[in-house]
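This is the structure I have questions about; it appears just below.
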Amino acid sequence: QEIKVGFLGGFTGPIESLAPGILQGAQLAVSQVNAQGGLLNGRTLSMPTADTTCVDASAASNSADRLVNSEGVVAIVGGLCSGATIAAANNAGIPGNVVMISPASTAPAVSDINDNDLVFRTVPSDSFQGIALARLLLSKGIREVAVTFLNNDYGRGLADAFVAEYQMSGGQVLANVAHEEGRADYRSELGNIASSGAETLVVLAYADGSGQTIVRQAYESGNFLQLVGADGMVGDALVNAVGAQALEGMIATRAGSPEIEGADVFAAAANAVNLDPNAVYAAQAYDAAFLLALAIEKNGSADRDSLSDALRSVATAPGEVILPGEWEKAKRLIAAGQDINYEGAAGSQEFDAKGDVPGVVVEMVVRNGRFETLGLID
Amino acid sequence: MAIFEAINVHGGYGGMNILNGVNMSIEQGEIGVIVGPNGAGKSTMLKAIFGLLHVNEGSIALRGEDITNADPTVLVSKGMAFVPQEKNIFPSLTVHENLEMGAYSRKDSFQHMLDQVYEFFPPLKDKRKQPAGELSGGQRQMVAMGRALMMEPSLLLLDEPTAGLSPLYMNEIFDRIITINKAGVGILMVEQHAKQALRIAHKGFVLAAGQNRFTDTGENLINDPEVAKTFLGG
Amino acid sequence: MKSLIGKRELILFGLLLLAIVVVFGLFGSAYGTRMLVEIACYAIIALGLSIQWGYAGQFNAGVMGFVALGGFFAMFFSMPINDDFWGSDLPGQLGGVFLRIAIGLALIYGASKLNRFGLSPKLRTVVTVLVAIVVYFWIKSNMVPVTQAIERDADFIGGLGLPPWSGWIVGGMVAGFVGYFIGRICLGLRSDYLAIATLGCAEIIKAFLKNEDWLTRGIATVSPLPWPVPQPIDVGFVAARAMYFSVTAVMIMAIYFLLHRAYHAPWGRMIRAIRDNEISASAMGKDVNKRSLEIFVLGCFLMGLGGATLGTFNGLFDPSGYVPLNHTFLVLVMVILGGPGNNTGTIIGAAVVYIIWIMSEPLALWILQVVTSAGDAEAQANLASRALQARVFSIGLLIVLVLRYAPKGLLPEKIQQHN
Amino acid sequence: MPLNTLALQASDLSCERDDRHLFSDLTFSLSWGECVRVLGPNGAGKTTLLRGLVGLNHYVDGAMRWSASVDGRPPFLYSGHKTGVSAHLTVAENLRYLVGLSGVVLTDAQVDEALASVGLTGFDDSLGSELSAGQQRRIALAQLYVEGMPRCWVLDEPFVALDKKGVAELERHLARHCALGGAVLLTTHHEPTALAPRPLMLQGAA
Amino acid sequence: MNEFIFFVNNVLISGAVSGSVYAIGAVGVTLVFSIMRFAHFAHADMMTLGAFIVLILTTLFPGVGAVVGLPTAFVLMPIAMAVTAGVAVGIDRAFYKPLRQHNVKPIVIVIASLGVTLMLQGLIRLFAGTSSRSLYVDEFKQIFRIDVPFASRPLVITEPQILLLVVTIACVVGLHYFLNKSRMGKAMRAMSDNPDLARVSGINTQTVIMVTWIIAGSLAVIAGTLLSLDVTLKPDLSFFLLLPIFAAAIVGGVGHPYGAIAGGFVVGFAETMAVFNWAVLLRPLHRAFPNLFELPANLTLVGTEYKIVVPFFILIAILVWRPTGLFKGKVI
């Protein structure tokens, strides 16, 4: 019968336009596994989903509880928003002995969960993205900014990393203000920020939530000349909602795919099923799902026990390299007792002791009403 | 034919009956006066007539038409008007607006009635634009009367119209009532100034404990020693 | 005294048991035990509202605030000590700020008593307000650098490392304390005003908990919270939750017993007399105000206590997770459905409503799925979260239906003849 | 000490309302044992005067001195044109409330007694709204039968809505009160027969 | 000069805009209160509901606005007003009227209105989801940047803000004439004064109640729509409005329409002034006399995150010092 790997994501709430693409990435892996004979002697893999709403920690832990206790999943892909991931892991995942791989939670705090080696991610931490963003702005000659960040693990973590690096490298942060999710109006906050005199506004928030409203109202106020965002803001849905002329020239960063073989393989496979391979975190989600399938196969049973050891073994060198989509090959090798090493769509996915991976950050810009990738930031 | 007739009315608030079979009738152009001790049911009777509380038994008719338990709005359109004993003005509305509200269901012009009311109650004319809540007790009573007259009713129910009025105005009011009455308006009023009221009454009804104790012409009641002793205070 | 449990109670209990068994069967025992614990926590909160509304006719629309306070103290007392904070010189600085606050409050208090020294009351008010403003800015300018330093260097001040139950009690007490102030201002006014004021107060408490990151870690949530009993990670979900349930069950029984005692003591008679004869407190002198304030404070205490147990059980402290729907209106329905002022009824109401609340989601989902008959996965996920909103609707509907058709609740308060 | 022989000393009172003087240079006193009736047509300012004297409005200027009162209680008992009876309280509660304003607390027996004096026996549990106008007036008057109330009474239209018996009884009661050394300041349009109050004309009235 | 423009933009214009929304909302609350004597908690949700109806209409008939040169949502607003008015009347018939006829205490109807709040919210979310939406479906907001002499910053005001201010003035004037000149308006005032006497005078109280709901519902739609045009539309918009609106109504004196309008602006300006960074206005002075005093970068009364505290404190202060409100409301 079925083996369940849950998907925990913010289908509603402030990343609702990003979540579908991420889910599709994971589902692509599931369908490939099933198409190539399933796992553990022909059992099929299925992926029940649960909604975290992204910002509500109790909703996240309830949904995770449902996956862990009522659905009986073996492992979980997710959550997406960092706060949701932490809450879900602490209250359901870890007590339930369930391995969770997040494809999107970038907050540094995720590394520090006391997790019995159960929580992993396929995306680099924001201590990395923050630095990249700071360097990017300085390299463009932007030396004064105002920052407003969403007051949660993601926004705060990213802002801390960004501000530290930016100030250390000679930039000036004229205002650094937290804001809260879910309001309809941020004009007073923006007024306060503008009163600092900054002309560049860095918005570290989510695209369907406060981030959207803030960039819209920042544009309306006419007080800022340059808008800057990060991974949470990247998505054409944002441009469509706010209007191209308002966002034209907005700079952003996000975790990207390095130039490795797996990325191209994934892109081809994704294009074949009409999935945009560049969708934010779709590749990372694919990797997470594929890795979990590999780990279950390696573990030899649908048990939760020792799954994380199996995961580490299939994900990291040494071993025969497995690329995205190479399920049959991987299965064969595992059956033969050989060690494998998955090199994924979004990176080589070598987990460190905390379950984190290295990765790359790319520069984005809004041009002609679309987010365009300009290249890696070093 | 009696323009107004109530037969054996029983009714009250909630379950309990306060009125235990009250009979009243007045002919076209008559003044009826209800007297009786506090709590006798006088006000209750007027409210029952005006559809403000439920009549459980008995019937009330206006010009032969049954109006038992009819809605006040209907009664107003049938030419009845009522001045309650208490809370009989709209305090935040101006005097003028109070009077207008009296004519609320009139579709025709009522300017002549306004003029007439101001003529009846000269103090009101100066205070036309003042909220009625800022008037003295007696002036309010005038507003209340004026409001009721605005419809040019054919039957006017008055609950202690002279309460708080100076003797001068009390006599004026009685004069007015006679004048109105002469114009063909039937009047049914409750009065504690029983003697004065009965003097101008064609019919008097003495109520006690929710029942008619005496019913006669005003004259006769004044002269009835028993009535005089118990209800008119010597 | 007649037997405590009547026929109606028995039937209700039976039906309830059946519903619980069904939930266990459908969703597994981990889910079932969890539901039981949550019911128990909500029952404590509901008892608080029930005595306010049922005993004294006070309508508190800000349950959420008191629940959140409880949740905060449960977190604050039980979380381990944060060495980043205590190991630095920040505690000293923070102490300095508190000292200033104390001085400031003393100054304001002093100013408010200036009329004793011959100042006219008007002038005194003006002076007090001015002093208050100056103190406010003084403290603000002293406090901000310290709190910012805490946030920067230590994340937040962390917990006190004490057993959870100590936080529960303090949480209840602080909730009662806040209730005291609200009650002092609003209990003499129209009941709508109390509703509005409590509603606002709840939002303020939430805003405070959300934004004082140095104290609460703000929206960034604190988890996991220690339990007073072994946690799922050690003994598994079902066992841990069952143990937690037994703790809450004991608490409910104790509260129930104490309330019962108090209700039949002279104090309770007085309360009932006030309620039965309704409104205008002053009719019987100052005592009435005092009694209704006592009731209000007691109710708020229970809300804080219940909120604390709920917070600890949830294992996380997230101020933005406190929403009026879950923590005010849900409780309100429990009380009016169960029978305001009837403790048994309130507990049954808590259980019934909580089960309805949980079940309305899958039910609505099922209906939605039948109606739209399965789209792609994304639409499915979306449906699920839409279905969640069915709860909102059903709670609203429940409120108006109960008010109209069973205004006294399932178990009306037994009106005993007294005196 | 004039204040011990006078219940009230008012001098140079004046009041302006609606841009016209209701009264001015009004000086009068109320001695113990005396009943004073403020006279004037409707709208003369009688109610305004009484309310001004008891501190319920600020329209009346001038010097007013009440006799010293016992431990901070008001030195007078005021019963207004509107009875101040609350529709939501029972008769007994209403009475308790009214006398409570003068700092007096009643036992159940005292309540019954006072209500009996005004003919409201058996009504103690009815709500204020369930009474006839005259009965509501009687609640307000019941305080005049309560032991320990201030001895100086300020009554605005106390006879309104009372029936003949009620009027006669109240007149007798007021007379008795004055005879026993109390003081009464009242307005009424009713011509008392058993009571001979000293008139106080409000001049300049319309 | 720039600083002054900044002040105008952030305090005067913003304050007037939110003040208008609060004022229109508070008028509705106060009207319902004065006629039916209960605090209608679902009022803010009628605003949201109205705005959602507008959203649906705008999605159905985009481009209507282009014909007239105004936002489509604004052009279609009257239809939504009619619908919402109908809904309001329906809600009253279904939920409040039966309770009224049972003579329950007002607070029970207040609780019922909380139930209605939840039902409305539930329905809106069930059908529209929880995310925020823009009422500009296929158009974009017009923004007017007005250059001012001697300043490099422009005055900024958006089309919906102008519409809001204009409509508010129109509503105030209209309401004034309605209440003071029209028969129905006077009847409403009469009924709010003395419902029994109104009945006795031949005023059909049922009709008055209906008209009250129609007005309250329509006003709610105006406030909701214009607010959503100005910011965004969210199902939980109402939670942020409830407190300021009630504060406004109480500040003005419950049951007092003009008081509600004044109260709305009091609350609106208080909010913007409380969160404004007053250091901005002092900067020119500081530039002129740099040594006179030290100017902190941030001089706000309360942080923006505590904006909600402002109406609450106004409310409490009024309840403590003057429970009848500035304009002496009806009842406490």
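Per-chain residue numbering starts at 1, and chain names A, B, C, D and E are given in the order in which the chains are listed.
Criterion: contacts are C-beta pairs under 8 Å (C-beta built on N, C-alpha and C of every residue); 3 or more make two chains touch, one makes a residue touch a chain.
Note that the structure is a prediction, hence the values are computed from the model and not measured.
Between the contact lists of subunit C and subunit E, the overlap consists of A.
The chain pair sharing the most C-beta contacts is C-E. Placing every chain at the mean of its C-alpha atoms, the farthest one from subunit B is found to be A. Centroid to centroid, with C-alpha atoms defining each point, subunit A and subunit E lie 40 Å apart. We define each chain's centre as the mean of its Cα atoms; on that basis subunit D and subunit E are separated by 47 Å. With centres defined as mean CA coordinates, subunit D is found 29 Å away from subunit B.
Residue positions 12, 178, 180, 182 of subunit A each touch two or more of the other chains. Multi-chain contact residues of subunit D (touching two or more other chains): none found. The set of subunit E residues touching two or more other chains comprises 129-130, 305. On the subunit A side of its complex with subunit C, the touching residues are 9, 11-12, 19-20, 23-24, 27, 49-51, 53, 55-59, 61, 65-66, 69-70, 83, 86-87, 90-91, 94-96, 109, 116, 151-153, 156, 178, 180-182.
By the touch criterion given at the top, residues 18, 41-47, 81, 119, 130-135, 137-138, 157, 160-168, 189, 191, 206 of subunit D touch subunit B in their complex.
Of all residues in subunit E, those touching subunit B in their complex are 183, 186-187, 189-190, 192-194, 196-204. Those residues of subunit B whose C-beta lies close enough to touch subunit E in the complex are 50, 52, 72-73, 76-77, 82, 84, 87-93, 97, 100-102, 104-105, 147, 151.
Those residues of subunit B lying in contact with subunit D across their complex are 13, 36-40, 42-44, 85-86, 123, 127, 130, 135-139, 142, 160, 163-170, 192, 194, 231-233.
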